[in-house]
């Protein structure tokens, strides 16, 4: 039974690993790696639940999912490292720089101008790093 | 000069009124009406800035804009009346009930299960009111 | 020693009671009363620390202190009952209805339009209750 | 394969159902039931991840886990229905009314007096409902 | 029509530029400049709406407006750069260092001791930079 | 009268100093010292209210109090320096590294995965600094 369990759980985990690689790319792999010596189980939960379960659900395309994530993280305003990862992810799944900028500008309406500003400055950093990497 | 000012501001205001009617519909009109005896100027700002300026910007379609707004309001979790207005708005601009439900489920990852739950219960109310209105 | 302690603590407590009565008035007394059967010690802490210590400090007048409190509670957006108490308090210490309305409108800039809207609707309720009481 | 998958997932789901019943009791079952017609998959995620995965982890006892949850929900201050469910849950896993009251009082230090007050009033409602049910 | 539009919008924009210069000073100009290569339109919105519209409204003096802004930003606790800009702004419009310190201390009551602490440390940095600039 | 007042307040202050030293240790003393040139009165309030009043209350043990504080600060996600101080404090009053890690993992459920991640990275820093200090 343990074997079957392990096998199936591996499937959920494996599906999450593939989704993380596709969506978050290198930035996501760094987060997982950084958890290795403090909470490796939590790295597995990240792979299994957000990526293996949620991002793999039908009913909403990945582009739309990243719009939702970027908006939420910018509005909450207390998760700047994760916002940067998902600005990267947005670019990875097909959002343009302009579209991401529009999402962040719009957050001024719902979460205030400081939230929008801090989101835009996060995007500026991500875009600059991408330019430098070319 | 006042006339020109008034004329141009009317344009911005008028553009916002049309956008509000298209996006938020009846729910938006009620919010504007409720401000009449406390802060009518703020009603104008709502029409001018979020609707006249932001929602009219090119670069991101209305469907994507409502995904961002629903996600942000559900994640912040302290603006339940506005979340309901924008679940309505999402339906008005072409999001399906399933897509809205997916956005709200996804918020469990970024803002916690209670935020997702309270968002889903808001959607349940809006969907039920729509069913009853048919 | 207990007697001296009690005597001095009573002074701090008494100072807080007078400040609460002056600032929050009837609304404040109701909050204190509502704590009697769940956490009477917490009622004392409210009287001693915010009212006995903070609001009695020199260096900032009560009118300015209520501007700060109304702004903070409206911006956080998760303490509607306390926001109403402090809109009352603002009126008690000399803020006009217009000034309170301006503070709440301004919160749209820093905490988003929903926070401002929910603050304005709280003010509308408080102002209407005052009108009814005349 | 589907069968094995279903079987194993059922195990995770079943473990979560048992944990939910033990921890949240009737209040938890109502939440799950309320999701049936809007997002039944999300009901499964609640059972699987928070209850099947997290609350079943060794390394921290249930009493300590409920202290953490009550504190977090009171401090965030935007999830009052879930706070009430977990005040119930705290009582179910062995916290006394006094201990819960102490946790909520302490939140005044970290999240402000309004957060503590609103938490205490939630506890007052839960305690009163328990008294009435006896 | 475009010309008139541009002319009138310039007026709103110009009014905002003057208000920003008076209130936020050099710190505000840096924010506007930093937006040039990521979202220049958003720089215009900042000038037009918060500064051209809101801060220019009669009904509440600038000193009171900065009390509200400092309190709100310290209470939300997720906009440290903007809090520093507005501590500067507070000094620019006539608040004393002591008054600003009192506002921040008071936030311990409504948003918790960490919010007050982080606000006070922001003020400490701003005050030190002013001392160094003399 | 001043003397008696001073004497009793000193007692409250002294009790708080002892509690701060026991609970927060060196990290707490640094916070108090950093306030000396900006708001020494606020340093006294920290000693008197959270430490002299709240942490000294019977009815909840220090270990449980630190569970509540770590959970609350991680969930709010906007007080990273204070979270680190209280991860230290948790170790000081008897929580194991594993228990602290479990509290932080659990916050994913109530405040989202980013809040849990940022909490875990704070713990990683604190644990590493402790290892280096040995």
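Going by the order they are written in, the chains are A, B, C, D, E and F; count residues from 1 in each one.
In this section, a contact is a pair of C-beta atoms (placed from the backbone, for glycine too) under 8 Å apart; a residue touches a chain by one contact, two chains touch by 3 or more.
Bear in mind that the values here come from a model prediction, so they are computed numbers and not experimental data.
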Shortest path length from chain A to chain D (each step joins two touching chains): 1
Chain hops separating chain D from chain C, counting only touching neighbours: 1
Co-neighbours of chain D and chain B - touch as defined: A, C, E, F
Cα-superposition angle relating the copies chain E and chain D, to nearest 5°: 180
Same or different contact residues where chain F meets its copy chain D, judged by the half mark: same
Whole-Å gap between the CA centroids of chain B and chain E: 27
Inter-chain centre distance, chain C versus chain E - centres from mean C-alpha coordinates, in Å: 25
CA centroid of chain B to CA centroid of chain F, Å: 41
Of all residues in chain D, the ones touching two or more other chains: 41, 45, 49-50, 57, 73, 75-79, 82, 101, 105, 108-115
Chain contact topology (line, ring, star, complete or other): complete
Residue ranges of chain D in contact with chain B within the complex: 31, 34-35, 37-39, 41-42, 45-46, 50, 73, 76-79, 81-82
Residue ranges of chain A touching chain B (in the complex, touch as defined): 49-50, 54, 57, 59-60, 64-65, 67-76, 79, 82, 98-99, 101-103, 105-111
Interfacial residue positions of chain E with respect to chain F in the complex: 76-78, 101, 104-105, 108, 112-118, 120-121, 123-124, 127
Residues of chain D touching chain A in the complex: 4-5, 7-9, 11, 41, 45, 49, 53, 57
Chain B partner contacts - residues on chain F that touch it in the complex: 75, 108-115
